[in-house]
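Heads up: the structure comes next, in structure tokens.
Lettered A, B, C and D in written order, each chain numbered from 1.
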Amino acid sequence: VGMSDDSEGEFPPLSDLERSVADRLPPRIWSYIAGGAGEERTVEANRSAFRRWALKPRVWANVTTVDLGTRLLGAPVEAPFFIAPTAYHGEIHPDAEPGVARAAAAAGVVAAFSTLSSASLETIAAASGGGVRWFQLYLQPRFSVTRSLVERAEHAGYAAIVITADVPVLAVRDRQARGGFAIDGSVPVGNGADVMPPPRASEREGSRYRLRAPAETDWDILDRLSGVTRLPFVVKGVLSAEDERLAVEHAAAGVIVSNHGGRQLDGARASLDALPEVVAAVGERAEVYLDGGVRRGIDVLISLALGARAVGLGRPVLWALAHGGAPSVARYLAALGAELASAMELAGRRSIAEIDRALVVPVPDQGPASP
Amino acid sequence: VGMSDDSEGEFPPLSDLERSVADRLPPRIWSYIAGGAGEERTVEANRSAFRRWALKPRVWANVTTVDLGTRLLGAPVEAPFFIAPTAYHGEIHPDAEPGVARAAAAAGVVAAFSTLSSASLETIAAASGGGVRWFQLYLQPRFSVTRSLVERAEHAGYAAIVITADVPVLAVRDRQARGGFAIDGSVPVGNGADVMPPPRASEREGSRYRLRAPAETDWDILDRLSGVTRLPFVVKGVLSAEDERLAVEHAAAGVIVSNHGGRQLDGARASLDALPEVVAAVGERAEVYLDGGVRRGIDVLISLALGARAVGLGRPVLWALAHGGAPSVARYLAALGAELASAMELAGRRSIAEIDRALVVPVPDQGPASP
Amino acid sequence: VGMSDDSEGEFPPLSDLERSVADRLPPRIWSYIAGGAGEERTVEANRSAFRRWALKPRVWANVTTVDLGTRLLGAPVEAPFFIAPTAYHGEIHPDAEPGVARAAAAAGVVAAFSTLSSASLETIAAASGGGVRWFQLYLQPRFSVTRSLVERAEHAGYAAIVITADVPVLAVRDRQARGGFAIDGSVPVGNGADVMPPPRASEREGSRYRLRAPAETDWDILDRLSGVTRLPFVVKGVLSAEDERLAVEHAAAGVIVSNHGGRQLDGARASLDALPEVVAAVGERAEVYLDGGVRRGIDVLISLALGARAVGLGRPVLWALAHGGAPSVARYLAALGAELASAMELAGRRSIAEIDRALVVPVPDQGPASP
Amino acid sequence: VGMSDDSEGEFPPLSDLERSVADRLPPRIWSYIAGGAGEERTVEANRSAFRRWALKPRVWANVTTVDLGTRLLGAPVEAPFFIAPTAYHGEIHPDAEPGVARAAAAAGVVAAFSTLSSASLETIAAASGGGVRWFQLYLQPRFSVTRSLVERAEHAGYAAIVITADVPVLAVRDRQARGGFAIDGSVPVGNGADVMPPPRASEREGSRYRLRAPAETDWDILDRLSGVTRLPFVVKGVLSAEDERLAVEHAAAGVIVSNHGGRQLDGARASLDALPEVVAAVGERAEVYLDGGVRRGIDVLISLALGARAVGLGRPVLWALAHGGAPSVARYLAALGAELASAMELAGRRSIAEIDRALVVPVPDQGPASP
């Protein structure tokens, strides 16, 4: 894999990627990609949290080569970032998940694919070649369907099961409502007709709201699933040390500190704000990842300095997919890797292991806003 | 009462409700609804205070049903929010207070109605059916008028008297002045010709400003009124622990931490900022409510996590009333309940009692503002 | 003097006063009124400092009459605010300083007039009638001129000499430069041909910059002037406890915490931020006033709660003068007094003496900026 | 050298200088001048850091003359600011570096010139006359080229070697990419065909990124170069006390606290935020300078109050050069000196030695943003 060179093609500077697709996509699709829950307080919080940390680089630290390689759940990967699972790639570009899988495999990074992928998990696996894939699981109302998905994923060579914990019900997403995008049976998915999106709402009876068609809702699901598969589990959607500890007790191999990209509980704390507490709670007993607001190489660097082992990429991958299909996803991954490598060179860190807490300092409290 | 479904009608996403009516209403009426005192520092402060708290949810907490039910002054209600008293509904929509009363009763929530209601309190009571109603009292220059209002409210089945403490005189409201809306005898009210709005200004004599036609101005009014009615009293407009203690000493059953939606003392602290101090002062001796800036389900959640027993809804109810009369008020209440239920599901809280202080964390101080 | 009623005339809500004149005035004159030094960091700081304090009102505090009366340097006045000295009123409106003097006298407040007034100090005195006037002194290159001004002021019945300490040289004011307004001999003044504005710049010689035509530059000037007049001195332009102590040692009767409205040292701290430190330093040994950023009644309230005895009004008086001459100045003063009275009624303070530190609380640190 | 007078010519107020050239220059050139790395977080941080400090002036401090003179590396200079090294002046204006050198020499300030100057260092030296010049060194892939540059600089009378430590590789600069400006061999430089800009990117091989044509990358380079020249060394690009200590151990005479004007590691802390820590670490063992965000006289004052001995001027010099060549650079330097002199007069500091830590106070934490 050669390094992407910004001068070679049409791929925009990363600052411009979102804008480059926002106006070009049908509003319905854009509302799906961009939309967060409610007023999007958490969408914004995820981004502004990164602005509260500044980098304190070291110079002349004997950096001639930097190595982005690390291991995720034991598998060697070429960068400490991965494709976070997002649904419905086929709505965005015909390359869909197979294209994303090819780009990720070529880049040597982990890709996680959603229960609600447009292509089937087997098709994705075939496209992925030797790439490391994780399967994101939405627990299903019927355990038999859940079990089948897990078994298929194991059979198709996925390396881990990422169980989403923060969607017992879909949140109200104002922007999607405005844009006319509904996550329901009307959007085709590739994993079979019996696979359901999470419930959209609850049934009200007086003061009580009952989940329609709920799936399992407590931590025992991890124990139950450990009887189904030998794959390791990663719990996605944890924002507290308390839940982190429960994940470890239930034998999770990893957790993703995440608020679902601000698409679920609006007002939830920023992922980055929760990270130090979760890292401190888990110690070395599980791997801690983060998603939410990661856009640039320096976001990766900040996250790792605060204790994440790797970070997930959500919206930017969808922007790139919308921009130009699999080749643009490859360009994005290459640009991000190059940015991270550059940032490490400039910060005086030669390897992932050298990215330590001393690299970041809090930005002092703000004076009056600039005019 | 069935649950509102966003896809069923014309009701906008809650983020869009205000905008949907702002441009459509006559400027004079909009200035009444939107206008705060002075420069509207407190209007803004009420909103920004909610942005200083983030939610720290728990996952897989065994939530399949959430119950929004609670008791306000002993009465069971279906949600921990209520219609805050606001004046002149008839200026906004012909459904006026009777329509609001019907919507609230159908939703199972308390509605408080203003001394300055467009309909008479008896008409409202008749429309309300079995709904729990509170009567908001502006103390009148003549005690006989005050007494008559209280007696009528008790006779008409109101469950409590909400005495407004923060309007000894109406504040200067720049936006209303600009829009040409004056709170004076020119706006018709339903409770009788002898019912007066609070005085608009004071009479100046050199350095002294004397209230014109003042009502009672000290805490003894509570003792005096307790001889008139057996109804419990709720004091509205308290922003300090000191006044909270006085309320309890004078046998108030509850207080509403409020700055009159930013319409009275501009520059007054945000209601939410005052809440923890008031809650700490009162303990279990009275019920503490809050109004000011509550718009979304998560605002309710934050308020309850910080100790409020319930929250009042002011402007959003007027927006809904302006949007489409009583049906839109019903839609707003349903949407708010659904949002709160959803937020509880996502936060891992099954009941109002489970909403505890651990649910919220302060947002870290801000780095540089986003561009 | 009757109370101004907003409904009686054309005077705009106070929020709109600045805008109402900004577009109507010749750009050169507007640049004079609005312009601060450099990038106007301090102009903005003066305003934003007030936003860091919120009011914590008390209710039912037995307020039926509020009294704004206080004493400044022993003289009874009808409000704890005064007209701060500003130059060149005649450039703004033909009513000029005599009109301002009439309005202030009618309002019962102190008015301070500038060495650089368009009218002579004697003409102003004649217009003022029984109003309390202070004379603002720019120290002159020749002491004989300084002495003459002081003697004339005493003879004309001015009650105090306000000596400006923060203009050894005029600062660069970018907005005035842009607008073409220069403070130099080209603008006519009323106090005589030998009266000089402060020097505009220094003379450079290599690394040294020498003041052209400097006046006295140390605290001994107070001792020297005390031999010229029996009038009390107020030192204007102090932003530190250290200088406050020097003022007291040199027998000043008062100080004005001020940064010249942001027109001199750009980047200087906000007047309000300096106030508590200065008040703590001086105790009861001198009267402490503040100017800079005061616009509304609640700004007066906040300043007094933090220890100021009275506040000076700069730009708003010029806005009002530009709006409609002396009658508009009268309207502004009446509106401000009414706002302050209203704020005291709403805050539960019956007199200036009851405005205490407990009335204000710091606004909690900001969460993410509102969108 | 006479003092520049704003009324004499076309030179704009300093607030307007950037704007005055931004729209007039070809977008490619503007992208070079303005562009920072990545999203320009650090560009903005450099500026907003100054807003967190306010000045606390003293009055009547017996200031009739202020002296801006100081010594940098032993050489007397007329002001505590210098021209920071920037590349490619010839792309901006035909006066290029020789014009800048003339202006600096006339102003009596140090000018540092880049390895990547459009004119040769000898040509610049000839234009400079008796002005104090520093030579900025980009370490070259071949040590023989590095040595030759240093020897030429010493021979041409440069007074110090400023070694840039923060560009082992050029960062991705989104704005320059957008504008079509590439720092590579295509831009002509004056110091010879064998002089190379820093490498643009690394070569990727799997997870490893290897610098193409790297120069020396550790602190031993200082020791090696001390065998080549007797000139003192200044290390540019330090943001930590740790690196400052290493600089002193390797016999550097000075350091420039700098993040390359936000052009290298995006997200790096503001220079001003790093300054106090660096100053505390180095004590009197080396001179500490700062660049990044300095625009106005008060920025110089704040930097010196926080411990800098002098500050470097980057973009403003390029703006001035673009505005009108050498004469505009002279005007800018004169205006900046006059502003600093004025600020010292107003702050009560007669000499550089009197600019102490007591002159600055932190701006209190921000309340709600102004509307």
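One rule holds in what follows: a residue touches a chain if its C-beta (ideal position, glycine included) is under 8 Å from a C-beta of that chain, and two chains touch if they have at least 3 such contacts.
The model shown is predicted, which means the values in this text are computed figures rather than measured ones.
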item: Same-residue or different-residue interface between chain B and chain C, half as cut-off; value: different
item: Superposition rotation for chain A onto chain D, Cα-based, multiple of 5°; value: 90
item: Farthest chain relative to chain D (centres taken as mean CA coordinates); value: B
item: Distance between chain centroids, defined by C-alpha means - chain C, chain D (Å); value: 40
item: Cα-centroid distance, chain B relative to chain D, in whole angstrom; value: 57
item: Residue numbers of chain D (touch at least two other chains); value: 41, 44-45, 48, 51, 53, 363, 365-366, 368-370
item: Chain B residues touching chain A - in the complex, by the definition given at the top; value: 1-3, 5-7, 12-16, 51, 53-69, 77-79, 108, 296-298, 301-302, 334-335, 337-339, 341-343, 345-347, 361, 363-370
item: Chain B-touching residues of chain A, taken from the complex the two chains share; value: 38-39, 41, 44-45, 47-49, 51-53, 165-166, 168-169, 171-172, 174-175, 177-178, 182, 201-204, 206-211, 214, 216-219, 221, 235, 237-240, 242-243, 246, 264-270, 273-274, 363, 365-366, 369-370
